[in-house]
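In what comes next, chain A is part of two complexes: it sits with chain B in the first one and with chain C in the second one.
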Partner chain A sequence: MSFFAPFCIPFLVGAAAMFAVLAWKWGSWLWCLPRTDKRLILRGLPTRATLEAVGEVVGESLLHRRIFRINPLLGYMHMSLAFGWFLLIAVGWIETMACLGLHWVPIQGHVFFRYFSTGLPHVAAFDFLMDLLLLFVLSGVALAWGKRFFSRRMGMRRTTKHVPGDRVALTALWFIFPARLAAESITCALYGGGGFLTGSIGAWLGAHVPEFGLMNAESVAWWFYSSCLGLFFVAMPFSRYMHIFTEIPLIFLRRYGLRSGEKATSYDEFQVEACSRCGICIDPCQLQSVLRVDDVQSVYFLRDRRYGMLRREVADNCLMCGRCAEKCPVGIDLNTLRLNARDGLRNVPDERRYDYFKGLDRSSGEGKVGYFAGCMTLLTPRTLSAMETIFAAAGEQVWWADREGGVCCGRPLKLAGETDSARRMMRYNTELFRKHGITTLVTSCPICLKVFREDYALDGIEVLHHSEYMLRLLRSGRLALRRGATRFTYHDPCELGRGSGIYDAPRAVIEAVGELLEPEHTRENALCCGSSVANTAITDGQQVRIARSVAGELEATGAEVVVTACPLCKKALGRGTAAAVRDLAEVVAAELK
Partner chain B sequence: MAAINFGYTISRPRAIDLDRNNLRKSDEILREMPELQTCIGCGSCTAVCTAGNLTEFNFRKVHTLVRRGEYQGAYEEMNKCMLCGKCRLVCPRGINTRGVVLLIKRKLGDF
Partner chain C sequence: MKMEKMKKKRVIVIGGGAAGMQTALRLARRGIEPVIVEKEAELGGKLRGWYVLFPTFTPASEVLNELRRRVHECGIETVLSAQVTGIAPRSVELADGRRIDGDAVVVATGFSLFDASVKEEYGYGIYDNVYTSVDIERMLGEGRVAKADGSRPKRIAFLHCVGSRDEKVCQQHCSRVCCITGVKQAMEMKRLFPDADVFNFYMDIRMFGPGYEEMYREAQQQYNVHFVRGRISEASPMLDGRIQIKAEDTLTGRPLRMSVDMLVLLVGMRANDDNAALAAGAGLRQSPSGFLAARDHFLGSVRSEVEGIYYAGTVTAPKNIGETLNEAAAAADAVAEALGA
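Let's look at the complex of A and B:
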């Protein structure tokens, strides 16, 4: 039995081109990985991480569980296309094996089996199963069509604006399965067989269309099906569908502990090309929902970066609040990719920069506990004096790192992309902390907290946010508070919540002084205040508009006082509301017994 | 006579000839950041400046000079900025001061 017909050529050429490009891309990315990353992979291969990665590939690349959590219908659409197609291929191989035994069959023999198997006896179970799977995939295609017009029904207010290459691939993908249905049905009409779908359509065609017409149509239909496949395969590595194959190695590499950093590496390519441009990141973005800026969201940023057309305006226009990363079904580290893209655009190593740090030390006091106010706390002196009151009430001996002015923590500069210069600030502050021998470092600024925990080498020094520190004082009985009837609501700062995973400590502190009311978006879904230091592109007016929308939601809780745990959020929210906005420390200091 | 130290200094008076200065870079900067023209020179940015507290760095002075076409040393001065963003929060005209710092550095990197 020969498994070749001329119509197979487009499919074969497309598949060969796709695998060649894939091999080249994966090979070069893996080859260019830093040595430490390569070592991580080798060390991770024989461990449990590999098995867990296989599990995640099944759960995410095939079943798309994370999308189900966003919207069940959207999840079903993605699952039916991915898992359905996978099953069509897998069951198709089993079918050929069942019909021909363990006998080598070329790839086109599997894919176009219905065409080649007309002379073989049919297995009814496989006919039924293959038709069922085809129907499963077709339902996904129908939903994808429907999503063009009724995206809101599938939980998406806005969908991605696609580039022409994506449209070509998308069109080819849409036609693959209807074309397969047509081709198989016509073959069934001529030679019999087929299940409830292709068999029935085939029988109807056989009864209504003359055989001569069917013979011509069969050849056209198989040519069309093969061409759609070929076109899709050629377009795939260059379009958004590259995610189909890139997400798989990404999951493995992530399980082996590879991470993106402040400098771009080839691991970033895995992340960038694993983006399917599903557009789920668009709706959470407040630049979109409040300001109607619609070309800077993560999906567009990754697209521009991938095709080498990233503009500074796009890279800079992001609050880095992390709301999109929280929702990303592929789990791409969007903030870090944005950060190292800015590094590529802006970083200028300058050895003489910040020479004025030499010999600088404005710290005061002595103690094992150090307090780093940070620039923004120095701009909100009420927070600072509240912290003084609290330290005094707890009888803590405090070393004040920067009450009389000091060097910035370095995170704002890092977020702007000047990572090498930011390192100089980090080095200065680290030496300062070491010189004064502190064992605990308290800060009231989540921006500083995040950089202290992630970028500073502070072994032996425990870094605490003031919310955690105050909670510790309360729990150990060193602070006693009056609990009143005031109703508070709490705004989660991005750098504290999504950034550092601290949600419960500030809430526990608030509940010690009054009643806590949650706004509509809270914890992982909390909104950004809009004045994030990560964004150097939006105007003051735009920042205030975001602040107003956030403040509106906080006021809607009916609380008398808006509490936050970030001096920058406090300033920002204060610009958007007439209501009282206080830092957590102020609330605590006011209710000390 | 020994000068009395009042705790502050003022810039020495001097004349800037706008006809002689090359305003091309200045124009470019104002075209990209037109809001800089709304600056009233109140100096709030400089008053709260983290770097200005530690050094002679004076943001108002530098960006004013740049707008007049006096680019000498502006890049090096701007490099003292730590981009902490306090100036942006206190500016009464709502000027994107952090954007101004980055823009001036980008335009005047080769001066």
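Let's look at the complex of A and C:
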């Protein structure tokens, strides 16, 4: 039995090109990985991580469970296309084997089996099953068409603006399955067989169209189907659909412990090309919802980075609040990719700028507990004096790292992409902390907290946010508070909540002094105050507009006092409302017994 | 027809400060019956809080008392403790539900002072010995300028542009009069405490009025007041109650730290918070700074976009008292002309 017809050529050429490009891309990325990453992969291969990765591939690449959580219809659309297509291939394979036994059949024999199998006896069960699967995929295609016009129904206010290459691939993809339906139906019209879908359409065509017309149409339809496949395969590695295959190695590598860092590596390529440009990241972005800035969101940032056309204006225009990363169905580490792109664009360390660090020590006091105010707390001295009151009330001996001024924690510079300069600050502060022999480091600034925990090597020193520290004092009875009837609402700072996973400690502290009312967006979904140090592109006026929108939501709770636990958020929200905005420490210091 | 001509036109003046009183006086002189609506319990506005006026050191009470005397003498009707909540071309609504009718409205609601505690980094309201220029006027008026502990200051720093030309607090505009206020108060401090060192930290010194530049020169030459170009970035308290300030002398390019006995913040003029609501209700236009926008900068500077509503004084932009009084007269003339009186 021959498995070749001239119409197979577009498909074969397309598939060959796709696999060649894929092999080249993945091969070179893996080859260029840092040695430590390669070692992680080798160590991880024979462990449970591999099995877990397989499970995640099924759950995410095929079933798209995370998208289901965002919107069931959107999830179904993605699942029907991915899982449906996968099943068509897999069941098709089984069908050929069932019909021909364990023979070697070339790939086009599997893909175009209905064309080649006209002489074989039909298996009704397979006819039915394959038609059912085709219908499943077609329902996804129909939804994809519908999404163009009714995106809101599928939980998306805004969808991605696509580049021309994506449109070519998208169009090819949309036509693949209708073309398959047409081709198989016509073949059924001529030779019989087929299930409830192709068989029925074929019978109708056979009854209404002359055989000569059907024979011509059959040839055209299979050519068209093969061409759609070929075109899609050629376009795929260069379009958003690269994500279909790239998400799979990404899941494995992530399970083996690979992470993006402040310097770009080839692991980033897996992340960047695993983006499907689904656009789910657009709606959560406050630059979009408040300021109507619509070309900087993660989807566009990754696209620009991937095609080598990333500009500073796009890379810098991000609050790095992490609201999009929270929603990303592929789980791409969007903030870190943004950060190391900035590093590539502007890391030009000034060797002499920080010479003044040498011998500098303005710290005061002595104690095992160190307090690091950070630049922003020094600019919001109510928080600082509240901390003084609290330390005194708890009888804590405190070493004040920077009350008389000190060196920045380094995170603002790091976020700006000046990672080497940031490292110098980190080294300076690390040495300072070590020199004074502290065992606990308390900071009232979540920006400092995050960098202390993630980038400083502070073994033996416990780093605490002041919310955690105050809660500890309360629980151990070293602080006693008056609980009144004041109604508070709490604004989650991005660096504390999504950034460091601290949601409960500040809430527990507030509940010790009064009633806590939650705003509409809270915890993982909390809004950003808008004045993030990570964004160097928007103006003060734009920051204030974001602050107003956030403050509006906080005021809507009916609370008398807005509490936050970040000096920057406090300043930012204060600009957006006439209501009282307080740091957690101020609230505690005011209610000390 | 004849009766109507006989009947006096009535004009509502919102605000009983320098602008409002002067407008009313001028209207009365042109045969119009003004009614002043004032939110406080007495006339005078911000003028009540000032000690002496630049550049002549004229006591503010001289100007204030004279204006009040004339208002009283002309028998001008005043509605005190009345907050205006809505403006229309021929009437105003009050917070208590009352409505006052007239033939035209002059808005002379003035400005608000910038709340220095918003700039938390300067420690106003947190540390002792941080004052605003308004506090200093009050202390001068009360005749006891001293540190919080009652002792004499040996070093005083004035900081210009607190709440002016500062995007961080959404106040992009220049308040104009703070520069000269800083110079005036520095000279007063030197008169009170000749041995003290007095510093002015500034971005630019804007001496726009007649006699101002001369006064600035005099402060440096006769009074030995020091002027440092550079803003203070933050202030922190010291154990002995003094304030440590961090700044940069941008002329020498050097950062500096200094401990001072008193830090005085020259607070700017801010648009009133209720401008937005009043403007929205009456169809008036606000400029980006939040002040109400006059029809144009030249021939329509006391007219609003709405026929029958006029402006006088600092409701449209920061002005000094002389300019305010002149503008009030111009506004009254424009109203009188429009009403054919």
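Keep this in mind: the second predicted complex is superposed on the first by the 589 of 593 C-alpha atoms of A that agree within 3 Å, B and C clash if a C-alpha of one lies under 4 Å from a C-alpha of the other, contacts with A are read in each partner's own complex, and residues count from 1 in each chain.
One rule holds for everything that comes next: a contact is a pair of C-beta atoms (placed from the backbone, for glycine too) under 8 Å apart; a residue touches a chain by one contact, two chains touch by 3 or more.
Not measured: the values here are computed from a predicted model.
*Asks:* Based on the superposed arrangement around chain A, label chain B with chain C as either clash or fit.
*Replies:* clash
*Asks:* Looking at the overlay, what does A:578 touch: chain B (first), chain C (second), both, or neither?
*Replies:* In the superposed model, A:578 contacts chain C only, not chain B.
*Asks:* Please work out whether A:533 is in contact with chain B alone, chain C alone, both, or neither, and reply first, second, both or neither.
*Replies:* first
*Asks:* So, does A:405 touch the first partner chain B, the second partner chain C, both, or neither?
*Replies:* Both partners.
*Asks:* Please determine whether it is chain B or chain C that touches the greater number of chain A residues.
*Replies:* B
*Asks:* Does chain B (first) or chain C (second) touch A:416, or do both, or does neither?
*Replies:* first
*Asks:* In the overlaid three-chain picture, which partner chain does A:350 touch, first (chain B) or second (chain C), both, or neither?
*Replies:* Touch status of A:350: first partner only.
*Asks:* Pick one for A:541: touches chain B only (first), chain C only (second), both, or neither.
*Replies:* After superposition on chain A, A:541 lies in contact with both partners, chain B and chain C.
*Asks:* Of the two partner chains, chain B (first) and chain C (second), which one does A:382 touch, if any: first, second, both, or neither?
*Replies:* second
*Asks:* Quick check for you: in the superposed arrangement, does A:360 touch first (chain B), second (chain C), both or neither?
*Replies:* So A:360 only meets chain B here.
*Asks:* Please pick the stretch of chain C from 135-143, 225-233, 261-269 or 333-341 that overlaps chain B when the two structures are superposed.
*Replies:* 225-233
*Asks:* Which residues would you name on chain A as touching chain B in one complex and chain C in the other?
*Replies:* Correct list for chain A: 378-379, 405, 539-541, 544, 571.
*Asks:* Using the touch definition up top, name the residues of chain C that touch chain A in the complex.
*Replies:* For this pair, the touching residues of chain C are 118, 120-121, 123, 126-127, 167-170, 234, 236, 246, 273.
*Asks:* For the complex, give me every residue of chain B touching chain A.
*Replies:* Touching chain A: residues 35, 48, 50, 53-55, 79-80, 82-86, 88-91, 94-96, 98-99, 102, 109 of chain B.
*Asks:* Inside the complex, what are the residues of chain A that reach chain B?
*Replies:* Residue list for chain A touching chain B: 346, 348, 350, 353-354, 356, 360, 362, 375-376, 378-379, 405-408, 410, 412-413, 416, 418, 421, 425, 531, 533, 536-541, 544, 568, 571-572.
*Asks:* Going by the contact rule at the top, pick out the chain A residues touching chain C in the complex.
*Replies:* Checking each residue of chain A against chain C gives 378-382, 385, 403-405, 539-541, 544, 571, 574-575, 578.
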